[in-house]
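Each in structure tokens, the structures are laid out below.
Shared between the two complexes below is chain A, which has chain B as its partner in the first and chain C in the second.
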Partner chain A sequence: MSKKNEDSPEVATGQHYTTGNHAAAEGSLAAGCKFFGGYPITPSSEIAEHMALRLPKINGNFVQFEDEIASIAGILGASWGGVKSMTATSGPGYSLMVENIGLGLMTETPCVIVNVQRGGPSTGLPTLIGQQDVMQARWGSHGDYETIAISPSNVQECFDLALECFNLSEQYRLPVTLLMDEVIGHMSERLVIPPKEELTIISRKKPTDPPDKHLPYKADDSLVPPMATAGEGYRVMVTGLTHDERGYPDLTPEAQDKAVRRINDKIRLNKDKIIKLEEYMLDDAKTAIVSFGTSARAAKGAVNRARKKGIKVGLLRLITLWPFPDEKIDQLADQVDRIIIPEINYGQVTREVERAAHGKTEVKGDFRLGGAIHTPQEILKEIERN
Partner chain B sequence: MSEEEEFQLIESDVHPLDGYLREGRIPHIFCPACSLGSVMNIIVEAIKEAKLENKKVSVVSGIGCTGRISGYLNYDSFHTTHGRAIPFAIGLGVTDPERKVIVISGDGDLFAIGGNHFIHAARRNADITVICVNNFNYGMTGGQVGPTSYKGQYQSTAPYGAVEEPFNLPDLAASCGAVYVARWSALDVRRMKDSFTEALLKKGFTFVEVLGSCPTTFGRRNQLAEGKKILEYFHEKSEIQHGADTKTVGISKDSKIIVGKFIDIEDKPTLTDNLMAVQRMSKAKGK
Partner chain C sequence: MSRVEVRFAGFGGQGIGLMGRLLGEAVALGEGKNSVMTQSYGPESRGGASSADVVIDTDDIDFPKATDLDYFVVMSQEAYSKYIPKLKKGGIIFVEEDLVTLDEHADKAKKIFKIPATKIAESLGSRLYANIAMLGFLCANTDDIVSEESLLKVMKTKIKARYVEKNLVAFQKGKEHQ
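Up next, the complex of A and B:
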């Protein structure tokens, strides 16, 4: 980012040549993020560094906490203080955050967590790519829940989708994960940030009834209750315990059923509105590539090369990983003879595609276990293999 | 004078704490003779005494018996995860410098699983008042040994007596930078209220330790099975030493229990002050 742009307010309108990590930070600022709580971890630290530089200029606050557990707890607190908040981390840090992500899901707290993935398990490959946290983003916390995770494939999308994560988290009231990877985080590309008035910014719905009549967890047909926050006179009562519409703990099977069903259904029933996909040359395809993040870039290159050779192949790029696009995969399984899934893990999305394809087509994963990306040639070889 | 004449029953539909407690949540879950009911009462009295605007008060708890207090209080109240009340409170607090955030939780929550957050919040001089009700054990889970259990104390996971050194909480708070540190036993209700009030009116990281009575899971195993016995024990052992060197206030089985106000420091920049300063620096010319 140039000096000039760093001096601009929330929205750094203009053309930039920058990294995915900085773009994700700018997208968050453009979305209205005013609090960042985080802990340094490679390969995400540039997001924290950029927020430390930018937030104070726009009357926001940056706190470097003592660990990732405190970071996620802090951003939940800030969200209940009425501001949009975020953190950024990588796999090991995300592992530490999952309990409080569960608190965010149960208490319906909007916030954004960026996970710039590296190779795992454990300390793994701190400075190298992985895409191994796909399942963790879905199932990391205990209990039944639906969640949203989005995966950018280029620097522009790091901006656009960080903003989208905030919009979704505010609209549906839950922690949303921007699931980046090391290559996207560190690569430099062109980024165009539009003027503020051209951006769609969504903020949480506020209650309109008076405090003495207000039921903080009573939802209308959207299944998402309006959110009163601290200091507004509503005397909010927030607990991770199973609670009733008043927010009071109610540890009965009936209350559990009602509460857990609703926090799941508010995502399940809106799946079609949430899911974003890119379809590339799929119309006449007999082979489909399903990929996401950095892997999808190489996959697109492979599709271009294969098409030149006259092979009918296309790409379905999963921008939204969770909720998973079951219906789209099901349709694709009817259309194509084979689905190939290049991913930098040992079969996390492949497993989902197998499930959603219902055995109607051949499903084949093309795995890298971390530290390197697929080349288009390697994926092309996979396409040409019969 | 007969007993009947001495004690007059006051009939009233109004309770002094009406409006300050969430009536729909009463009765509370605390055991008979547990001191948490009184502590809860005293917190409200202190908030009233400090004349804080109700809208500007938030109460944050972790998990455990004491952690349940937040949910009975009729303020913006947050019952978070085990050990994480303090960082939640920091995030909540920095969003509005006018907000008074009170963390009320137990010794296990704040000093075992949450110990790291406590020391860093004190170091940062975060603008929160932390009230720890130290009942010397994990009550809600059935009486296990904890980080403040004294040597020789019997608990379900210390059937031969606790063998580890306990934390000296006032000293820990003071050495990490807390600007206000006091300790009272559950018996000292008026002094406790004064300390709570002072802590609430002070900016920065303020800490009050309350030695709580837990007859059910602490007392039963340690010859103090009745609430009254624990209070008598506090009465017998307590000695007020305002300004005592916090290094000398550790609690052991047969020691005196030193109570009082130990630390009260003026004019130390708080986390909020520092964040505001960063905002000013970021906007200074040439930055």
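Up next, the complex of A and C:
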């Protein structure tokens, strides 16, 4: 993006030709993000770089911390200070963050973590694609929790879904992961940013009761308690220990049951509102492709090629990876003879599809281990194989 | 579908990435078509191998990388040797003739356009304009990539103001080269 655009306000309305990483940064800014704390890592560094240029110009703050552990701690603190906050990293950095992501889940702290996936495990393939952190985004931290992770397939979606991540994190009060990948992060495409007034921006509910009567973890039917900012006169209690509605540690099975059940149920019971899917040519399909991120582009190309040959195949693109669309997969398993899952890992989404299909249809993964992406022709071959 | 794949390749410092960005943006914002630009480069900021791919299509671009090049725009010997196998049979080569010696692998090309882009740039005061001279040459000799109008518009907004004028001259010189 040009210097000129970087001078513009929070929402860089207009047409751009830019990378997925810059688009994710702009989507975050448009959502109202005012704090970025991070430690640069390939292939996500351009997000930090872009935020470092943009945030100081719109009354925001950028901090490069000493490592990823401090970065996630910093954005949790910023969130309790009342601002929308984020970090961006890749697999190795996310690994360092998972402990404090758990703290964010237990303390119901809204924030956004972008993971631009590269090949792993460990240092793996720093500059090349992977989609191997799907399970980490779900189960990386210890304990029982539900979480949200979203996966864009093009540059426009990096903007749209970064904004959506902030909205969901504010609405449901939890850390939300934007699970990108190296190819989407680094490639350039057209990005159209609408005028500010056309964007839907959600911010956390604030308490309305008097400060002396306020219970910071008492939720209404939404199961999401209003969140006071430190310094507004309300008592702000933040602890990773199991806590009661006052926020005081309460280390009993009863308190644990109540607290942990609620932080899970606030997502479980709203799955239908949270989950976003793209269904493409599925109506009469006998074979379904389930894919996400960069892989879903080639999958769609394969569906188009197969349809030209008269093969009844469709695509279910998982925009939301977590919570997983169990019901949709279950329906699909009733309809189709086979589900193929192209993914750049050794079977992470495939395992979920197997679980949700309940043995009613054949489930087959089409794996790349990282570093390269499927071509539409390769997926077509898989479709044509009997 | 009318997918067109263009690869710019040379060494770091020649402005290969800029060529890709200018073309990609001119197509996507000026021509109403889709384009995806991807880059690859070595760890060195100058001297290492550098390439930029632009995939152009009226439909959605399902595969973002170039695999079967319609156009190969090449500005170094190393890049030529590395990528010539990727040129489609019947594809077209644009070559910096003073920096690249073609071999029998180029026989599969339908056409080969040669330009001393670096010399042209040096005549304008700096070899840094070679990439834009090449872009002008490419634009003048193709009709399914991009219009001159879209490209010039992007150049005026994306190139630093104090360098625009010289680059426009380089573009013109490349365009006029026979």
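By our rule, the second predicted complex is superposed on the first by the 386 of 386 C-alpha atoms of A that agree within 3 Å, B and C clash if a C-alpha of one lies under 4 Å from a C-alpha of the other, contacts with A are read in each partner's own complex, and residues count from 1 in each chain.
One rule holds for everything that comes next: a contact is a pair of C-beta atoms (placed from the backbone, for glycine too) under 8 Å apart; a residue touches a chain by one contact, two chains touch by 3 or more.
Computed from a predicted model, the values in this text were never measured in an experiment.
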- Mind checking the superposed model to see whether chain B and chain C fit together on chain A or clash? fit
- Message: For A:A255 in the superposed arrangement: first (chain B), second (chain C), both or neither?
- Response: neither
- Item | Which of chain B and chain C A:R235 touches, first, second, both or neither | first
- Task: Mind working out whether A:I75 is in touch with chain B, chain C, both or neither, as first, second, both or neither?
- Result: first
- Classify the contacts of A:N304 with the two partner chains as first (chain B alone), second (chain C alone), both, or neither. second
- Task: May I ask you to decide whether A:E99 touches chain B, chain C, both, or neither, giving the answer as first, second, both or neither?
- Result: first
- Which touches a greater number of chain A residues, chain B or chain C? B
- Query: Where does A:Q15 make contact in the superposed view: on chain B (first), on chain C (second), on both, or on neither?
  - Reply: second
- Task: Could you tell me how near the closest CA atoms of chain B and chain C get once both structures are overlaid on the shared chain, in Å?
- Result: 12
- Query: Residue overlap on chain A between the chain B contact set and the chain C contact set?
  - Reply: none
- In their shared complex, at which residues does chain A touch chain C? 2, 4, 15, 17, 183, 186-190, 294, 297-298, 300-302, 304, 373, 375-376
- Note on the structure: Counting only contacts in the complex, chain A reaches chain B at residues 34-35, 37, 53, 56-57, 59, 61-63, 65-67, 69-71, 73-83, 85, 99-100, 102-103, 230-241, 246, 248-249
- Task: Please give the residue numbers of chain B that touch chain A in the complex, ascending.
- Result: 22, 24-25, 54-56, 58, 60, 71, 74-81, 83-84, 86-96, 99, 116-117, 120, 271, 275, 278-279, 281-283
- Item | chain A-touching residues of chain C, taken from the complex the two chains share | 21, 24-25, 28-29, 34-39, 60-65, 67, 157-158
